[in-house]
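Paired with chain B in one complex and with chain C in the other, chain A is shared by the two complexes that follow.
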Partner chain A sequence: MRREGSPWQGLGTVVLKELSDHLSSARMRVLEWLIVLTAFASLYGAIQQVKDTTAEDPFVFLRLFTVARSPLPSFVSILGFLIPLMAIGLGFDAVNGEHNRRTLSRILSQPIYRDALLLGKFLAGLATLAVSLVSLWLLVIGLGLLLLGVPPNGEEVARSLIFLVIALAYAGVWLAVAMLFSVLFRSPATAALIALGLWLFLALLWPMLASALAQVIAPPDLMSIMLGRPSLETLMWQQALERLSPTHLFAESIIAILSPMTRTLGPVFLSQLEGAVIGTPLPLTQSLLIAWPQAVGLIAATILLFVVGYIAFQRQEVRA
Partner chain B sequence: MRRLLPVLAAACLAAVPLSAHAQDKGRDVKGLFLMTDYPAVTVQPGTTSNVSLRLQNYGLPPERLGLKVEGVPAGWTATLLGGGQPVGAAMPATDSSVSLQLRLEVPKDAAIGTHTLTVSAQGQGQNVSLPIAVSLAKELPAKLTVEPKLPALRGTARSTFEYQLTIKNDSGRNLLVSFGAEAPRNFETSFTEQYGSQELSSIPIEAGQSKDIKLKVRPPTTVGAGTYPISVTVSAEDAKANARVSLEVVGQPRLRISGREGLMSARAEAGEQASVPVFVYNDGSAPADNVELSGTGPSGWKIEFEPKTIDRIAPNQNAEAQARITPSPKSLAGDYMVNLKASAQGEQANGDFRVTVSTSTMWGIAGAGIIGIALLVMVGAVARFGRR
Partner chain C sequence: MSENVIEAVGLTRRYATGYAVDHISFAVARGEIFGLLGPNGAGKTTTILMMLGLTEVTEGTVRVLGRDPQREPLAVKRRVGYLPDAVGFYDHLTARENLVYTARLLGIAPDERRTRIDDALAYVRLLEVADNRVGTFSRGMRQRLGLAEIIMKQAEIAILDEPTNGLDPQASEEFLDLIRSLKADGVTVLLSSHLLDRVQRVCDRVALFQAGRIALMGTVPELARQVLGGGFAVEVEAAGEGLAKQLAAIPGVSGVETVAPERYRLHADRDVRPDAARAVVHAGGALRRLSVEEPSLDAVYNRFFQTKARQEEGARHAA
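Up next, the complex of A and B:
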């Protein structure tokens, strides 16, 4: 039966309701505290490190995001690890939870299409993540101001805002993955487990597997065996495989944005560095150009995963 | 007196075999002598001069000899000095001498002419005197001379000019000669030994001897072409001498290269030609002809100039050229150093330009296209699968 009127009717209602559910849920509070506390710890370490070692740096504030002091990893790597956890936590029971509570058909009997329901849930999850990421960002800036005593300059603010947008796209990918599984599997536990399993696989196992696979696809030639180094072809394959993981895409784009000295993310030939003035920061637009393919990957993956979940949801029988 | 006579007679008798003995040794002088090397001197009114005297005793027993100067014109001061202080008597030992000096202070207004002063030494029975003729003259012959071997040198504004100078001490005394040079403003002058790098301000020269020194002159590099005089003055006590040398600076072009308003940076896109205005300045003192422009950059870069050669740049003028810089298509974004060079007649100027390379935004647009396609897929899915 064809639909009449706008598919987005009632979208606002769904978004607001879901948002209020998320923000008041105990699960969200636990996840937020987890992220805030670990991020705070690593940030404190970074500030100590910056105070100890940095003599003169035009981008002191960006160092707060990227500098690590053992045993804690840096702020961005903690975020790269924990953003998926938060997104999965928000999305794994989005649809099947309604199913199990038998509320889905009741909602759909309202003048709300499935489109609006799914998109509303997705947007509400994204908004929740955005709220927590923005507050984290403000925490970083505020702590930096308080403990370093230097105001960030315009470019630093712009770069860290771009970082925020990329982190949101990264969160969007995992939210879309979690919602896809919540559509596909009736049991929230199964959906959560599979989503978490995928997250652990991509974050921890895939980097190791990628290099092994690259060796298989492009076996090292005689030259590289003698040099004890992977050949260029192997390196290209390894990088291409690694880039299938959103975690890797996120890490790469963050390097380009938060370390202005980064000139490229791929392998560099010596001839390309001839005459180069090493250590000079790139203008923001050039850094953006370097990070842009990664950002595109994240954004496009978010949209496509959502579309897959959408199609699956549309074809589902919901009245059971 | 009577009692002394036999003693003198005995002495005279004894002197005969003695003198015979002395003759054997090639000397038959005996007695007391007051001597000077130059018994007639010329001095200038208003100056003080010294006359060296010697009181010699040949074969006589030591005796106290009172000294005095007679015939001193009114207004003159004549002092006998021995060992640096005024003395009134001297006592030369047997076969030895005492050095004395007669210091003469002649007043400025003394009349020109010749005066004879008599210095006498008087003891018991001994009396020697020495007349010294002192002539007054307005002009005295030079006591010091300085002579350059090569008085005129030629070179560029950046060369060092070295003059060999011979200083001769014609005065009768050992002198400590000091020297100085007067050169145009900002010229750097220094005196050194003939062979050696030690800088000097004075040098001791014995009487009648000469010494060679070297005068080094470094003109300021900004000096224009032309001939510059340098005057050398040597002086010691009351003597002075002058010499003039000259220095001819030949004009030379001097090039400098930079961007517009001194800017040494440029922007370029990887693989795309960028045009950078380049200015060649001639700060030298002669025109630069046929200035060739060239550039070196990282491998794979192309650097050309429009025009390739500049015909002529007059002194203190500049010329503009366009540098066409094409970074290698494989260049990464970031800053690179490129060296631009202008050369003419052995003179060359270098400029390090910093080129900020940006990469093409084509892939950025392609990325936006991919996102657009993803959105289209979503719209398509909504249209295709949308249902109640």
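Up next, the complex of A and C:
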């Protein structure tokens, strides 16, 4: 049966309302300060490190993002860890919150479809994350200018902008996860706990589990035992398993984009090194090509998770 | 006035566990107040949600303002206002901001928005607290704000689900007054409630729900006649000799019960209060009280289902 009318009716209104809710909420302010403060700490470490070590580096600015000085991790790994927290914080009560406040049936009795409500909430969350990431990016650039005294060159700006886009896609995955749980679970606390549990599992436990599982699936052969290193098959399995986690996809694509010397994300073969000048950077397009599958994977995961949440929401009863 | 704005034919909603609404048919004419009454879980809310296209129809059809809410929900929802059971608002926004959001969803032009919102808030007497956060509102105020939303929408049909549920007697009386004035403004009102007595006074016609079916439908006096065997019960309190005989002689009285000493209950086919008074005075008695019992929906409802249960029991015994 065909429905009449546009599913996008009211979308803009929902986006604006949710956006203003997000931007003025106390929750958002706490998350922002958390990210800004930790990012500053790691950035400060990176700047010290860069000042100490760099002699001649064409991409000194990008080092701000990737260099770590113990005990702090690098700026990008902090973001890789905290972006999910922020996205989950914005999305975990998107739908069940409306249910519990008993506003859902009232809003849906206005001339809009459920499509507009769910997509509006998602887009508003994504826009909020984009605003935060862009301001964080501007802060980094500004701080780099002040403390390093070197302006970034065109390619560095381009690479860091691509980093921004990938970070947004990564945030989208977690926002979609949080919203999916907010549709599936009636209690916001349950949805938040499960989303956070999944995040910790994928960020902390999965890398260890992936290598253990790879050992089980592809046991080391005699050759690798003698060499004391995992066999190629084990490595491939490990990588494939690790790539199930969006955190890993994000980390891989960021390495390719922000470290122009990266030639491959997997094991390096001799044939690939033929004619290569070790240590020279790749052109931007080639780096992009390396990160492409990961970036597409993140975007596809976002869409897939959103669609699952969408279907679940369409089938749900509105009555409280 | 005879145009039907809501028409349901064989409307059914089936879940895996059974029928929530089981082949019901009814029609609501423009400008009337129609009550969907019955206990909780009898299928009232499901019926309402089907009329708004918010839940699927398993079988049958429903037309609201001539349109199919399953197929054209936006067109239906633009002209129908809905006040859900225990309506909620965004607590961190003010009453006005909440209505502005709805007005935007409705696509009301900004310059028209302000006057329509103010008018609606004034109508439900919430204008003074328009800029307070809804979090500070009482249950009755939220309910009235929900009604303001419908008024702002200029809906032709107002569907109110349990509007007096959880309100204190005074607040619910005020709310029923608002519903009456809606009707005076030409709005068709459909309201559901499990509090039969409280809403029977505002409803022009009612449908009594029982386990997903409409058990009875009509005006309250009609139902009373149908179920309570018709007629009037007049209570007379008077002192005097042989009054029972005198009262029984009044034309139209079919029986006299002596409920208590000097208290009689007359069963009649019309309101025989004037004749009863005359008869008592004529017999030299002292008349203390004279009252006619209004047929109450509660009585109708209880009697109907008692009779039905008895019949079913009888059928079981016979089998």
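Note that the second predicted complex is superposed on the first by the 315 of 320 C-alpha atoms of A that agree within 3 Å, B and C clash if a C-alpha of one lies under 4 Å from a C-alpha of the other, contacts with A are read in each partner's own complex, and residues count from 1 in each chain.
Just so it is clear, a contact is a pair of C-beta atoms (placed from the backbone, for glycine too) under 8 Å apart; a residue touches a chain by one contact, two chains touch by 3 or more.
Keep in mind that this is a model prediction, so the values were computed, not measured.
With everything superposed onto chain A, say whether chain B and chain C fit together or clash.
On the shared chain A, the partners fit.
Specify the partner with more touching residues on chain A, choosing between chain B and chain C.
For chain A, the partner with the higher number of touched residues is B.
Where does A:303 make contact in the superposed view: on chain B (first), on chain C (second), on both, or on neither?
first
Who does A:311 touch here: chain B (first), chain C (second), both, or neither?
So A:311 only meets chain B here.
For A:293, is the partner it touches chain B (first), chain C (second), both, or none of the two (neither)?
It touches chain B, and chain C stays clear.
Name the contact category of A:110: first (chain B only), second (chain C only), both, or neither.
Touch partner of A:110: chain C, not chain B.
Where does A:272 make contact in the superposed view: on chain B (first), on chain C (second), on both, or on neither?
A:272 sits against chain B, while chain C stays out of touch.
Please give the least Cα distance, whole angstrom, that chain B and chain C reach in the superposed model.
Taking the overlay as described at the top, chain B lies 5 Å from chain C at its nearest C-alpha.
On chain A, what residues does chain B touch that chain C touches as well?
Correct list for chain A: 1-3, 113.
Spell out the part of chain A that touches chain C in their complex, as residue ranges.
Going by the criterion above, the answer is residues 1-5, 9-10, 13-14, 16-17, 21, 101-103, 105-113, 317-320.
Please output the residues of chain C touching chain A within their complex, sorted ascending.
45-46, 49, 52, 54-55, 70-75, 77-78, 80-92, 101-102, 104-107, 146, 149
Considering the complex alone, what residue numbers of chain A touch chain B?
So the residues of chain A in touch with chain B come to 1-3, 7, 113-115, 263-264, 268-269, 271-277, 280, 282-283, 285-286, 288-290, 292-293, 295-296, 299-300, 303-304, 306-307, 310-311, 314-315.
So in the complex, which bits of chain B are touching chain A?
Counting only chain B, the residues touching chain A are 297-301, 328, 330-338, 354, 356, 358-359, 361, 363-364, 367-368, 370-371, 373-375, 377-378, 381-382, 385-388.
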